[in-house]
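Next come the structures, one after another.
The two complexes that follow have chain A in common; it is paired with chain B in the first and with chain C in the second.
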Partner chain A sequence: MSLLEIADYRLAFDTFDGTHHVLDGIDLALDAGETLGIVGETGCGKSVLAKSLLRLNECPPARVVSGAIRFKDQDLLTLDARAMRSLRGRAIAMVFQDPASFLNPVLGIGAQMTDAICGQDGAQPGGRRRSRREAARMAAELLASVGLPEPERILASYPHQLSGGMRQRVLIAMALAGKPALLVADEPTTALDVTVQAQVLALISDLVRSRGLALILISHDLGVISAACARVAVMYAGTIVEEAPTQALLAAPYHPYARGLIGAVPDLDRPGSRPRGIPGSIPSLLFPPSGCRFHPRCPRASGRCGVEKPLLRGIAPGRRVACHHPEGA
Partner chain B sequence: MSTPRSEAVAAMAPLVEMRAVTKRFRVRRGAFHTTEIAAVSEVDLGLPRGTAVGLVGESGCGKSTVARLILRLLDPTAGSIRFDGTDITTLAEAGLRPLRRRMQLIHQNPSAALNPRMTAFASIAEPLVVQEGARGGVLVERVAALMAEVGLPGEFLHRYPHEMSGGQRQRVCIARALALGPSLVVLDEPTSALDVSVQAQILEFLQSLRSGHGLTYLFISHNLAVVRQVCDRVAVMYLGRIVEEGPADAVLSAPLHPYAQALLAAVPRLRQGGVLPSVAGDPPNPASPPSGCAFHPRCRFAEARCRTERPDLVAGGDGERRVACHAVAEGRI
Partner chain C sequence: MLVYIAKRVALFGLMLFGLVCITFIISNIAPADPAALAAGPDASRSQIEQVRREYGLDRPLPEQFARYVAGLARGDLGRSVSTSRDVTSELLRYFPASLELVLVAMLLGIAIGVPLGMISALHKDGWIDHATRIFAVSGIALPPFWFGLLLQLVFAVQMGWLPTSGRLSLMTIPPEPITGMLLADSLLRGQWSTFAEAASFTVLPAVVLSLPCLASILRVNRAEMVEALRADYVMCARAHGVAPWRIVAVHALRNAMLPTLAIIGLRYGWMMSGTVLVETVFDWPGIGLYAVNSAIASDFKPVMGVTLLIGLNFMIANLVVDLLYGVLDPRLREA
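Here is the complex of A and B:
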């Protein structure tokens, strides 16, 4: 059985303008220890999907229209608030894009980490609350495990005294405090410089391996996904259009949007290959296109694409695509 | 022997020449202390006419400060800057004004660069009104021509920024920059705020624009793949100094400076899973730069000399490029 299973999950946002159909029938599964990247452009719903796993989308305006998100045996969408709280951080932990905004600027790192660790204990029914001293020792161990030298000095620092890369390591350490089975990282390196990004990606890959973590990595950057994830799901306008082993997708995408996305990335090692844009722009989710949401921009679209929504179906071993006219088929 | 400089020689000279330009900022440290930070130190950089020169490096390395110095939006602390033969280092505002129209800036975030209360027409028309006093039918015609040039249909003329996509907003910014017929366009991370599918369109368009108008670009980016696609030459900066400069193809395929090597190796590649951190640690604090070569604490080639003596930017490698590294000068790399 999968660790995580998302089935026909639909989420809408009710606003003054009307209802935005942000996620439209997401189907996805993840096994323990697996690494999955979710890639897509601005507004495709990848962050909303990530937050859904911890039920962090504010309802309202968000509204679950249908579907289920199962983690182990529990349906996360029907869990009561208390049970959900004990799951956050201990079963599923999350790391966000901008490490600076997830640390309290007027509290020391030590206080924030021990708070997080003791808070985990409190959320655990019948759990024993650790003493501050025990928690501080554990915090130092966690900092060492994410490759921060001199943990004691870091614990005594304030966020502004740390670099962006160090702050992101601190947040990763805090995410590990509850020994989660699944780490959800939403653009964890986007705010970082490229040399520091490489360090943090290597750290995440190490942790995934050494702790047997499952990883969902959200990114707009196919290079980042390729560096850290064995499998990738491509999202467009609230739907998953293709899912495949990362290298297989990059070598031969089936979905025209996936192909367009890959073709738009400039290749550092092949300056001669001219990246091509995708004509048109992303659709409004207030009035999404009928049928396949990509059909107005698609070079392969037929009449059928405008009326019939393509389902995500298996097309080759380990590969699924939602397209009536996939490439090379 | 002195002969009047022929036009041919003038045309050969770079459009912009920075010589040993330094910019220091005073920053407050606590209530009573101020300290000086050298954002840019002794930068020598030329922008040959009609070429695109890339400026790359990580946040805080001084690339945007270089851009603002060239545009004289900042006054240099030391050194000299020439624009098309004119020394603009200390030129007064009145003397600068006729040159301003020949140098334009395109910002990273088009949403912040456009006034939300001005339509595309008003934004593009503004420089024409201010600098040339254009109005009436002539103004409308010129704005319409600029809109057509950047590929925006006429119906966008009366749209506000919030009614456009990011790529369309950036096209409005480009049209506004082109309005006065500039020679130099400084592009500060022009596509970083855009999605990759839109980025490809804008980059393609910027390239055709450059060849069509014979523009000179200073192209600032942290994305090395984008720089390699657009630029003829590239300068790599680290902590306020240029550490390597040369033809983009050479520098970005076989960099010599250890920092340039690390930067290039850190870029995650599409078709090669996994990533190896190429260099440990973070860029140092510009308020207390390391002695000698600023990169030495993170450099695997560092020796005693690197800790005490700062390397000069000198011709290295194939002779086509300049490198500031003892190890390269000594033939250790």
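Here is the complex of A and C:
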């Protein structure tokens, strides 16, 4: 049985302009200890999908249209608020994109970490509640475990006194506080310097391995994902267009969009060759294209693509693609 | 933090000098002739000139200014020409009454405005939000003298629940002054019945004075809370399972309180000057009423004294707000 199972999940945002169909029939599964990358360009709905796992999208404007998100056989979408809160941080934890804005600027690191630790106790009915002193000791241990020297000093400081990399480590430490089974990292390295990116990525990979966590890593950067994830799902305009083992996808993508995405990465071994972009631009989710959402930009599109939405189907062992005319087939 | 405090205090001194200059200039460009007023309506030209010399009004302006500042340094605000009493001692007598009124009104404004703002933000665009919006807009729009008269009519005249005006009934002996504020003094002396009576006299003027203050605190706090509740750090706290009440009351409110504090400081100053209208309507013997009576008699020194005092209060309030900013926002302590 899978740890996490997303089945035909559709999410829409009701705004003043109309309904944005942001997620359109997401199907994904993840086993315990597995690492999955989700890649796609800005606005494809990958962050919204990540937030959906903890029900963090404001409803309204967000509205679940259909589908289910099952975590260990519990449907997250039907849980009451209290039960959902008890899962946050404990079962599924999240690391966010910009550590500068996701840490509260006017609260000390210590206060924020103990709040998270004590908050998780409070969410368990009848559970033991740690004192704030105990929580502070645990926070110091967590900070040490993510490679931060002098945890006591960091607990006593404020976010603006730390560097970006340190802040991201603090957020990772907070995410580990509830001993989650699944870690969701939403663009965890995007806001960081390149050198720090590599360190943070290595840290996440280490923690996932040593603690046996399942990982969902969201990024627009295929390089980041191939470094940390065994499997990858490619998203385009709210749909998953291809899912495959990372190396297999990089070697031979089936979906024309995945191919375009890989082709857009500059090849450093051949400095003469220029990266190729994908013609056209991302579609409006207010009036998404009919049929396959990629067909207006697709070099292989046929008349069928504009009419019939391709379903995600198995095409080879471990590989699924949502395309009527996959490459190499 | 020490550097921050030192900077604020230095700025305070500079502003104080500016305030003194402005009050002096205003009093000197006003069209009335203080010497003629002091000498009385039947005074002859030579008598007026004599008064002018007596008050030093015939000296050049820079010299007058120097004497004015020197007087201020000794705590001497001059002498009222209509009552020929010392302005400083009169202000000391009237100011506690005004301060009491303003503090009670401020307390009402904060105690009601901040929670209502929070609740409105939590139920953004719900009926509660609309209700507080209507309340706040009318609170700012209602002219205080009209609203005061209305409350007097309803609660004092028709219902008879509260007294119309004044600070205490004529029969009551006020407590031996400590602070000069009746509520504080009666509490400190343990005179409970006097306290209750003084409170009943304070309710109506305090409500009228605090309404615009309450309304603006409510609106600013609501807007800031809406902003804070949408912030990334709030989502992060939710993702980590922090208790919902704690997210609202600590994580979001602490951020929202910074701009709210600024408006509280400004409103304190505005209420000090707002006492002019409210004290007149409620016959409250404070600096506002004193200023009005002096202005009617074209008596300059008391008006200047009151202006200076209100300005000083404005500045002190803003200094306190600046210092509280430093306490609430760690980023400012290093600036």
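Keep this in mind: the second predicted complex is superposed on the first by the 328 of 329 C-alpha atoms of A that agree within 3 Å, B and C clash if a C-alpha of one lies under 4 Å from a C-alpha of the other, contacts with A are read in each partner's own complex, and residues count from 1 in each chain.
Please note the rule applied: a residue touches a chain if its C-beta (ideal position, glycine included) is under 8 Å from a C-beta of that chain, and two chains touch if they have at least 3 such contacts.
Remember, it's a predicted structure, so these values are computed and weren't measured experimentally.
Applying the stated contact rule after C-alpha superposition, one finds that A:H160 touches chain C and leaves chain B untouched. Touch criterion met: A:G277 reaches chain B, while chain C stays clear of it.
Of the two partner chains, neither chain B nor chain C is touched by A:E327.
Look at A:F96: by the touch rule set out above, it reaches chain C but stays clear of chain B. With both structures placed on the common chain, the touch criterion links A:Q120 to chain C but leaves chain B unconnected. Looking at the shared chain after the overlay, A:E5 reaches neither chain B nor chain C. Which of chain B and chain C touches more residues of chain A is settled by the count: it is B.
Of the two partner chains placed around the shared chain by superposition, chain C is the only one that A:L107 touches, whereas chain B remains out of contact. Once chain A of one complex is fitted onto chain A of the other, the partner contacts of A:S86 are limited to chain C, with no touch recorded for chain B. Shared interface residues of chain A (contacting chain B in one complex, chain C in the other): none.
Those residues of chain A whose C-beta lies close enough to touch chain B in the complex are 41-42, 163-166, 193-199, 201-202, 205, 220-224, 226-228, 230, 246-247, 250-251, 260-269, 271, 274-279, 281-282.
Contact residues on chain A toward chain C in their complex (touch as defined above): 51, 54, 56, 85-90, 93-94, 96, 98, 101-108, 112, 115-116, 118-120, 122-123, 158, 160-161, 171, 174-175, 177-178. In the complex of the two chains, the chain C residues touching chain A come out as 231-233, 235-244, 246, 250-251, 254-255, 258, 328-331.
Those residues of chain B whose C-beta lies close enough to touch chain A in the complex are 58-59, 165-168, 195-204, 222-226, 228-229, 249, 252-253, 262-280, 282-283.
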